[in-house]
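In the two assemblies presented below, chain A is common to both, partnered first by chain B and then by chain C.
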Partner chain A sequence: MGTETEARTPSGSSTRLTELVDFFRTRPRLKKFAIAGPPYGVLVAFFALPLLAMLVISFQEGQINGPWTLSNYTDFLGSATYLTVVWRTFLVTVQVTVLVTVVGYTLAYSIVRFSRRTTLLLLLVILPFWTSYIIRMYAWINILQSGGVLDSTLQLVGLPAVGLLYTQPAVMIGFTYVWLPLAVLPFYASLTNMDADLIEAAKDLGAGPIKTFFTVTLPMTKNGVITGVILVFIPTFGSFITPRLLGGTNNIMIGMVIENQFKSAFNWPFGAAIGIVISAVVVALLVAGARSGGNLFGGGERDRS
Partner chain B sequence: MSSPTSSGPGSSGPVAAVERVVETHGGSLARVAMLAVFAFLWVPIAVLVFMSFAAGGVLSFPPEELTLRWYVEFLGNDTAIDAIVTTLQVSVPTTVITVVLATLIAYAVDRYVFPGRNALQLLATLPIVVPLVVTGIALVLFFGLIRPLIVVNGYPAVVIAHVIRTIPFATLVIIPTFLTFDRGLEEASKDLGADELQTFLRVTLPNVFPGIVAGGLLAFTLSFNEFVFTYFVKDSATTTLPVYIWNQIRYNVTPEVNVISVVFLLVAVTLVLVAVSLTRVDLLARN
Partner chain C sequence: MSRKPSFGRREVLKTTGAALAAGTVAGCLGGGGGGGGGGDRVPMDITEWPPEDFSSNLNMMNWYDSWAEWAMEEFGNEYDVEVTNEGFSSPDQWYSRLQAGNTEIDNIAATTNWVERSINNDFLHELPVDVMPAWQNVTENIKEASSYQQDGSTYAIPEALVLYPLTYNTDHFDSAPESWGVLWDESLEGEIMMWDNSTVSCQIAAMYTGQDPISPSDFGEIEEVLKQQKPLLRTYWGDYEQGMQLFVNEDVVAGPLTMGRTYTARFSEGAPVNYTAPSEGAMFTSDLFVIPKGAPNPITSLLFTNWASEKPNAAQLFETMGYKPGVDIQSELSEQDREFTTWPSDWNLVFSETLSDDVRSRYDEIWTAVKAA
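Take a look at the complex of A and B:
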């Protein structure tokens, strides 16, 4: 950027810094260590070790440093109530993921293919994402509560009030709202990165727009789709804010159970065990999703050619 | 997903008709869909902004009269102002620490081959993949476990948690700016007689700076909004704005929350606009 010529200007005050740089230049391994070491240290100390600590504590009884036991796991996995909550959480998460993927992909596709003001539209998508999660939930409380904005609007046009707050649809709406921008970004990135000539080629070969979409566009953007799905699935599965604020007591999800163990029941090892279980579920689904995702779209494409 | 594709070229009756409709009206359909989704995304925010001027407060819509009363009340509410100050006391150091660490990661990954290089990249990305509530409680447990050795609670605990939360995002934004930087410029600088430090300060840094600032702004915004980690790790003295709102919503809703929402919105809009002017929007989408 034209700074090459300025680089000759000697910067007098930095002699000690220069000495330091020279010190590291003659010791390349030490230099690598000085650069990669600090972030490594922080991530190991405050991310990897805490997860390890959680695993250890999940085998303790009642409190940190309690006697060793498997009871946290047997209590959790042996309880029909908890397993029902896990199953319901899974169902809600799958529904939310499908909903967000369909709506988000439609939006990303429309922006890429049918609009010229892509930067502006993308901004309109991501701006809501950068306001507080809690605030966005609060906005939906305003809208969905009985007598709220939705009900008032319905009554204005002569329809009956619905009072959606504290129902499953409210939870679905809340999740869709918070994750839509997150999912649109990878969809958008993969759609802009794909080779548009392939779409033209498909058309020249006689494929209609729908066929082109399912045989060319979707397979070509599958990595973006998988990324988006992962970005929606994981936080939904672990969430406690949305079901607590919008779902009330009838729509308990497993994240709420964990929160409860930490904030009310104070049975931390039990909460840790649930955390381990849901992490295991998430990791298993990620691995399965990444594998079948490849076959789901890529395989379909190969069948046709 | 695969059902429309499975209709082979033979069954072209109704399929062909649908294809023709999409062919001719695709653009209009897409515009209608866009309009609907943008309404979905922005109506709730418009409602919040509108309600912040509503005299009757939360429950009345449409409001009978408009007022600035809740803004005045908000400015006079020490607890809310304290929450904002606390939030900034967390977000600013978090941003500085995160930017330094993320830049080091980007530099190391871009320049060096060393044992554990892939592991470093993985470690920097994983906090996105592990559910927030899991990492949040893991940190609480960890701080509890090391308490006999060292006490980490309240403010430092919150900052550490925020750094872990923001590192992946800052790293994802900063790494591409290093990867796309033309290293021929560095060679040219050295050929012209600049030493390593001068080259870094006058050639490398100015080129990657926009990415670093963008990463920092995103880290700040994330930290400013962060709730889950804060909620688990904090002590009673460290109440950030999202935690304050959570308490308000759960126990005693006041129309003031609408005003705070507008504050959040303004902060977010400003910072994201600056970030976007410095980098490409879709860089935020790279994984």
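Take a look at the complex of A and C:
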């Protein structure tokens, strides 16, 4: 047991901590670096450098360390076939994003506004993430195939079998299922943070439910919507497993072409070049989408002020 | 251009090497060496069999999952070695790890083309096949029909032959289809499929149009017939399980599938299927055991490679996976299995040589164009 004097004296470690705090307090730039440095370091090491490596490889011919060339880019951008695939991928991605956004927003809205067991419902939403992506796709194969769960159920209620597997709707269903949690969570977060009194105020001022939704609810939650759209759009654009397992002969996506360059064609530089171009396209689309999103939803606070 | 010889069963059988007794090695070795024995030696340091010292761990990457599961236990118990296996669905999964500098994988079930790439990049240990007893079990023609030797050095041991045949529904067809043309038969619209693999599908189209699948003369014709075929297909399958299930569910009656998956569909899933090599020919390749550089347990891996090529263990590979082992196992099989694994001598089997960069690139472009059409 120490003396009273000893008890009041800061310990060695707390003294060092105080000195450290004082040290950074007098050096604000160093403090910012110490706080932001590690995450930036992770980003550089695991995102920027690999992307840079991919960029370098994309200018090599045939193989890594091959001669320098621009042909990977000219071959890709000059090919009607590859550009057709990109366009189709874009269309599918937009369709999937719209579908997931509508379904996800509806689900999140109903959880926030009309449900009591929100935790349980959110748990159910993210539950599929606990299962492997591939296994989930195989589950859908069992559901959608001829004579599968869906067909059996339809026939049970007197409806004809549809045999959806290997069709475009099957791909849409698969995508919607796997990306729904990614959209619902940001939608839920933005709807939860919205002041519900604003909805009541709009109704008091004479707005109907639809007008209230489009003039109050949707603009107030636009950040969550944009986040959800981004989270769905990006992985869908690069997908190759879902269309391969659920789609038929007309469901090629650019992710499948890139995969093929690495696994079968052994032309990694060409695959890297396609990856770089697609990354640039996706980033451009997202920037454009985010900007137009602000206008689309009636502008932000800055416009109103 | 040089070409590996095509061959039939008769030639395989008549050139089968003399096999050494499987138990000899096991009896001599006794328990595991444990510790770090073997970690600082390379396979070529072994000049006498069995190796005197080997470590008590082995890390495999083998995509013959069911057999690997069996082998882990059998080999582990026999040599007191703790064995792990990491399955994979595509060779690039292990190849990228060798590129990154392997420090974990001891033994890989690799495919011919990837073995060639690995040899060219100095990723593999040379193997002392002259001192490995089970090397004698590998049939001579299978040794010739694989590309795993360079400048007189051997870098792999054939594990299995992988045939890419035409699989068909035996209830639908009274006898085996004689031509790949069945995959262009309009009366089978919606009941046939193709493999979502640029090389395999283009090679089938090349054979169908009477061209050399390794070095075709008319790429335009290949693209044209594949586009003609597209509306007739149920789908392009991209995953082995998916391809097999299409036959098991009787969604399709004909299409390319591996011999192993056909075996599983028929004997494990009860599907009415069989396989054939159409008159135009069928491609085959081989899977091989390799020991990558950087392997922490190279001597144990060498021991395992030898063990896996002993007849009973190779026979087990066939019985669990349906692929024809690199070892002659006819005497080990049941009548049913012997019938299934017998390739008639008049089959025109073409070894799937590594394609030139140009052909591979053209096949890839064709396949993308066909799928985008």
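The rule is simple: the second predicted complex is superposed on the first by the 251 of 305 C-alpha atoms of A that agree within 3 Å, B and C clash if a C-alpha of one lies under 4 Å from a C-alpha of the other, contacts with A are read in each partner's own complex, and residues count from 1 in each chain.
We take it that a contact is a pair of C-beta atoms (placed from the backbone, for glycine too) under 8 Å apart; a residue touches a chain by one contact, two chains touch by 3 or more.
If you're wondering where the values come from, they're calculated on a predicted model, not measured in any experiment.
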Notebook entry, point to check: First (chain B), second (chain C), both or neither: which does A:74 touch?
Noted result: neither
Max touched-residue count on chain A (chain B vs chain C) belongs to chain B
TODO: Check whether A:62 is in contact with chain B, with chain C, with both or with neither, and answer first, second, both or neither.
DONE: second
For this session: Determine, under the contact definition given at the top, whether A:88 touches first (chain B), second (chain C), both, or neither.
Result: second
Item to check | chain B versus chain C as contact partner of A:114, first or second or both or neither | outcome: first
* To do: State whether A:155 touches chain B only (first), chain C only (second), both chains, or neither.
  => neither
Notebook entry, point to check: Now for A:262: first (chain B), second (chain C), both, or neither, which partner does it touch?
Noted result: both
Partner chain in contact with A:249 - chain B first, chain C second, else both or neither: second
* **First (chain B), second (chain C), both or neither touched by A:141** => both
Contacts of chain A common to chain B and chain C in the A-superposed view 138, 141, 147, 245, 262
Given the complex, residues on chain C that touch chain A span 90, 92, 117, 196-199, 230-231, 233-236, 238-239, 241-242, 245, 249, 251, 357, 360-361, 363-365, 367-369, 371-372
Counting only contacts in the complex, chain A reaches chain C at residues 62, 81-82, 84-85, 88, 138, 141, 145-147, 166, 244-245, 247-250, 252, 256-257, 260-267
Per the touch rule, the chain A residues reaching chain B in their complex are 1, 3-8, 10-11, 14, 17-18, 21, 25, 32, 35-36, 38-40, 42-44, 46-51, 53-54, 56-57, 64, 103, 106-107, 109-111, 113-115, 119, 121-128, 130-143, 147-149, 152, 177, 180-181, 185-186, 188-189, 192, 208-211, 214-215, 218, 227, 230-231, 234-235, 237-241, 245, 255, 258-259, 262, 268, 271-272, 275, 278-279, 282, 286, 296-297, 300, 304
Touching chain A in the complex, chain B uses residues 1-2, 4-5, 15-16, 18-20, 22-23, 26-27, 30-31, 33-34, 37-38, 40-45, 47-48, 51, 58-59, 61-62, 100-102, 104-105, 107-108, 112, 114, 116-117, 120, 123-124, 126-135, 137-142, 144-145, 160-161, 163-164, 167, 185, 188-189, 192-199, 201-203, 206-207, 221, 224-225, 227-228, 232, 241-242, 245-246, 249-250, 257, 260-261, 264-265, 268-269, 271-273, 276, 281-282, 284-287
